[in-house]
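Below you'll find the structures, each written out as structure tokens.
After this come two complexes, each holding chain A, first together with chain B and then together with chain C.
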Partner chain A sequence: MTESVTTIKAIASPLPSQPQGEASGSQPPKSQKNMTKAERREQQEKQRAAKAAAKSAGPSAKPAAAAGGSNVKSAPSAATVPAAGTPAKRSDRRGTVSGREAPNMFDEPGKARGLRIFSHFGLPKPPGQAKGDIHPAIIRLGLQFSEFKIAGANARCIATLTAFKTVIQDYVTPPNNTLSRHLMTHLSPQITHLVSARPMSVTMGNAIRQLKLEISGSDIDLPEQDAKDALCLKIDNYIRDRIIIADQVIQEIAGNKIKDGDVILTYARSSVVEKVLLRAHAEGKQFSVIVVDSRPMLEGKKLLSVLTSVGIQCTYLLLPAIGAVITEASIVFVGAHSLHSNGAVFSRAGTALVAMMAKQHSVPVVVCCETYKFSETVQLDSFIKNELAPAGDLFSSFPITRPKSTLTLSGQSNLEILNPLYDLTPPSSITAVVTEVGVIPPSSISSIPLALGRSTL
Partner chain B sequence: MSGMATEGSSAANQRVVENLASRLRRRQVVGSRETALETVLVLRQVVSKARFSNIDQLVEVIRSVGRKLVEAQPKEHTVGNTVRKVLHHIREEYHTATQGTTAAASTSRSTLSIAKFVLQGQPRKQNAPPKASDETRGTLKENDPDDPDAFARTLKPVLMEAIQDVLDELETVYDNISKNAKDHIHSDEIILTIGKSSTVEAFLKSAAPYRKYTVIVADTAPSYSGHDMAQSLSSAGISTVLVPDSAIYALMSRVNKVILGAHAILANGGMFAITGSLLAATAARAHSTPVVVCSGQFKLTPQWNLYHEYGALDFADPSSVLGFEEGNLVDKVDVVNPYYDYVRPELVDAFITNDGDHPPSSVYRLIKEAYDDEDYEL
Partner chain C sequence: MPPGTIVAGKDGSSQFDIFATYQSILKNEEISTPLAAILALTELIEKSNAGTMFELVKALNDGAEVLKERTPNPISLNAGCELFIAFAYLFPHDSDSFSGLKTELVKQGQRYAAEALTYREKIAKLALGFIKDGSVILTHSYSRVVMKTLLRAHERKRISVYVTEARPRGLGLRTYDELTAAGIPCTVVLDSAVSYVMDQVDFVLVGSEAVVESGGLINAVGSNQIAIIAKAANKPFYALAESYKFHRLFPLSQYDLPTHNPSILSFPLSSAATAVSHSPSSIGPSGGKTLTSEGPRFMTQEQVACNPDVDYTRPDLISLVFSDVGSLTPEGVSQYLVGMFAG
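What follows is the complex of A and B.
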């Protein structure tokens, strides 16, 4: 949060005038701490750039970096550097360990301010440094996450909880310790390992928080096996109640919104929306579906094959073409990664565009989302918390006829590739949210616990 | 209808026109500027070989050529625009040649009144009939029965010059648009663009030595022309960020300006542009970010897209969206792959053309000045 605040302050401060693109050598006086940090940062980056330039074959990298370095040293970049300093440092360390293209992004000290404002996005890094005792089930899960074999908020949560059941069953309380106190410290490194593979989803976070609550509340007097079985039962119940049954209720409620002759537009692949459509079709409703898809993940193709295999009439197009078909859609169904207290929906990148176009053409936008996806934070834009897909063609989403040279940075100076996986849809673009407690307007999600008499969701 | 004119135009003319028409039909000539250049070259050849005894015959010849070319590829609007431009120049030259002083400068009247203001666009229509009937004008001998080619002979050099003007304008389009690029871009700005428009590319590259800024390029599926644009810009020293189209809304809050290219600018100030432009422009409007369109004036089209019909779009090969490698999905699914988007005038803030910057509300005036009323329907 503070990082974005510093960058906003930096933009507001007056820029030194740059008549010819030559930066003024003197910087306006800042606090001593910032200046030294910036100086330290610049020095570190210069050293790293020199090292990288000496290592890499490209002779053009050096003059480009040198030219860039001398040109861009305005006050805002100095101010954003301490802001971006800590996450950049962390990612640098990760980058050098992995030895992938990621280090290039931070090695050039002269990069324009524009690139640095994205530097706090979580960069993906490979799992593999398993520190401490990581259960093999967790190692396997980490690998599956980092290769996107398991993707989607619900899928990841269920997979995590199932893996935790195995870990709990294999856990042995050390002597002079109680399960309720020690199990959590045993689980923490496992969780850290999963987070290092891919940043934690809100669903996983909520589930783990609930699990922690159950663990700390477990009876001390129970024999170990009974306590473990009780925990596994609680995990099963959580999955059953908050995900499986919630999905069934959502299918029913959302299915009521589908009439014969409707044209339903959906984006990418939401597990909930897929179930809604399949159930509505099984009930005999006649409708057709428009599937809109986009890079980097191109998940819509999988949804397409599922829907066509049961005989639903489908149209497929890529995101830029949506303007041509939006007037034909009667309702838009999208899924969500998480729902925030201000009513904003954090979902697959591109959902915001779909919702915006639909709202422009008066097509209702319905978000299908279980209540356990609710996050108590207020999220205002897509930058605060986002994830970047790894460079390269991991999802085979690039046409085979095109050269793949632009998919990885491979020695191109001045070029950076960003593949944000999520974006934030503002509540103004959303018509309604279908949850298992009913159809609610997006801003009401925070009042649901109160309405149900619970303290948390 | 064009009896005397068609027997005047040689078979070579026909061949040249047919050649271009078939290439247009098969989409072997794609892109606004390329089609405009080819059309001007064909017209130059037609005019140089044409035989006519008065101006109307020449106009008819050019019009019939224009009709044939437009029919071949109605979605390439610059073909029709170039024909109209050539006709406009030809008429202007003819007026100056026949009348000298009180010719095409008739638009400037000394007395200003509302009536004159409203009629401003019509003066040429009023002038044309009197001139055709009165044949004792200067040295031009129209419809001379003894020497049918005298008229053509005297007028042709001037006409060729006029056509050369049109050609020059087309060839210097990028330079003229990029002249003031550094006044439109300030330091440390973040600009969003999509696809690969040569006009936008030239514009951004010309500002690069004067300003340090960042360009975010969206890859613009399914042509992925954004990738080519990103490589071109980054090799010119501009720091570029390549993102998929899905990230446009996510990044829009940080973007200072959206710069787009156009395929054709319509009479109401709207435009046809590469698919994805509507997304970028709408997202920019949602964030109150200015949208600037760089295009040459040869893209101004005196046509309208009032009903925003599906059929106004051009559709491209669906296999780039869902190819045959998808197997049995291919015959179960409808695939939509439009080539262009229609962007409403309300979404665009300014058009930067080779002849100055104009808001969409002034486009009708530019069209009035560039083309003659009677040519709107070729």
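What follows is the complex of A and C.
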């Protein structure tokens, strides 16, 4: 922080943390008062553009390095606006700036200002600079999340918890403080950093809540290393009991529903469903699989390669063609991102279509879901909470018959790409939910705590 | 071999013919299959010389297996067995006196069975509130709990009953006989005439073999059809079930039932089989070609064997399930089951 302030002083007149509109650069010949409103606005837009350019030019971890780096890089790109202003502003008001910046990430002044109707979904954004001391493991994780290198509710939760184990081990209780009280405040900025990379999944939320409970319940008298080891052990147990072992129980229970000669339809790629199918095949059951996939994520391809490599007979098609094969299917298996207390399933976008289609044709729909994915909230539709897929090259999967530059959709002023990642399947389309406590109808989520012997999920 | 005989086994432990015990218990008309299973298992505990809980549960499971194998329709039997085994497993005990625990289990089992005999009465009283004076009721096949409810209702209100024939076993005729003997106006309706009669009916009342985890119903074949027709005609469909018939099964479809096997609804393998169906089991003059001169024709045994005994009714078709634990919606059944079998 201090470095960037010195840099500012060296280059330009000191720039206080003023509201953006009033910031005066060191160099425009007119002072703010003399500029007309239009000119002021123009300057504001230019500053915003320069900030956007600077930000995309140099994402990095430490504010100091960023200040130095972006100073160099943005100087040539931002002609009139003092580049020194931007790092100071960025590090001063990181939270508000990135919040305001995000919707305007991909636009330039004068063009469309991002999605208007679904702007509350939050566009995917590269993780901003880390404020405060974020542990390198968390920074790495944030980058992996934002680039979708780690995707899927289970994978994200396990990765998060593993990273937290490292953080906890490296943590040192400051003097005059106790681990059980201070560790939580230490973890909060780490969690915020992860959330800024990609909105938190329900699984991560439940796991973190459990972790907080464990931390606050840890014994004050324990020596620090013992307390940290105990917490890491609890994390390991959580992963083992509620994810790994739960998956094994689900494999067994769902496997019982698979009979020889079945045609199983599945959508996109669920880690649990993949394990169920592999295990049933290993047990010698004869069945074939229809993998339904959808663009732009095309996650089903990975599932297809895994299943065919063990010798399961598969058919692959895209979602719009599902009407042609639904009559062939005898059972539908899907995974879930989360399960809500009104019985609705929040899962990869397209799952709702598959479930409703199956219901229409009297094909049973089975959702495989561990209990730690349950959320006590009620969700009624897909709009209230969702996430957008990263804006990527939409045509990468097509055979290239025209030059790529003609295929890109970005940069057109009247066109915005909307790619929600999730959708909500109503409980009426679901036949059964397989969890580690057994097969339950979707309306009975609320009786799960009783089954697990607890008072809450 | 007389029922309940203890035969000395090779290793000196006394063997106990559970199936014979079960059958002798079933001779009592009042006792239904799950209760008989529970009583048979109670006797098994009594005669068993298991030393630890593990051995005991294993012995119980083996006994339940024997019963299941030898019964053609084991669904309600399963319900009773699982309930009792779960109860035995979860029964709080201190580790010192195992024989004391066994005695306690036996006592509890017998006490439960005695109390369970009052369940039908409880259900009848509960359902009474839903039967208005002058009701026209449709029921299916023969069910002891429905019979009790109808007789109870007849004591204070005027009811009239349609009962389906329930082929191929024709148990609806037994219902007809008993109701008419009690003075209740009753008419037997063809299975295929249910939709014809549905608009005249106020509500449908059926018994059950088992009520499953999804909240659905397993009952004599034909119940699903009646439920679908009742739904289409907007008539309530009530199921009566004692709580020991609640089962943790979750059928995803008709063909996911444990009673379903490949021979049901299978097509005959050769055309020779079709010639058999014209055999002289038909009453009319043999060789007569004109339809008018032939009398009613009946299915052969082989043809009947291709048909199921029970079917599964989905929970969205059922209005309420009346049970000794109260009147439950189908969702409530699942919550009760999860709570009951919670570990």
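As a convention for this text, the second predicted complex is superposed on the first by the 321 of 457 C-alpha atoms of A that agree within 3 Å, B and C clash if a C-alpha of one lies under 4 Å from a C-alpha of the other, contacts with A are read in each partner's own complex, and residues count from 1 in each chain.
The rule is simple: contacts are C-beta pairs under 8 Å (C-beta built on N, C-alpha and C of every residue); 3 or more make two chains touch, one makes a residue touch a chain.
These numbers come from a predicted model, not from an experiment.
In the superposition on chain A, A:362 makes contact with chain C only, while chain B stays out of contact range.
Of the two partner chains placed by the overlay, only chain C lies in contact with A:447; chain B stays clear of it. Touch counts on chain A: comparing chain C and chain B, the chain ahead is B. In the superposition on chain A, A:294 makes contact with chain B only, while chain C stays out of contact range. By the touch criterion stated above, A:438 is placed in contact with chain C alone, chain B being left untouched. Of the two partner chains placed by superposition, only chain B is touched by A:323; chain C is not. Of the two partner chains, neither chain B nor chain C is touched by A:342. In the superposition on chain A, contact of A:304 is made with chain B only, not with chain C.
Chain A uses no single residue to touch chain B in one structure and chain C in the other. Across the interface of their complex, chain A is touched by residues 187-188, 190, 194, 209-214, 216, 219-222, 224, 227, 230-231, 233-235, 237-251, 253-254, 275-276, 278-279, 282-283, 286, 310, 313, 320-323, 325-326, 329, 332-338, 341-342 of chain B.
Per the touch definition, chain A reaches chain C in the complex via residues 257, 331, 362, 364, 366, 431-432, 437-441, 443-444, 446-448, 450-453. Across the complex, chain A meets chain B through its residues 15, 18, 20-21, 64, 68, 71-72, 74, 76, 111-115, 117-118, 294-296, 301, 304-305, 308, 313-325, 348-350, 352-353, 356-357, 360, 381-383, 386, 398-400, 402, 405-406, 412-420, 422-424. Chain C meets chain A in the complex at residues 213-215, 248, 250, 252-253, 256, 315, 331, 334-335, 338-339, 341-343.
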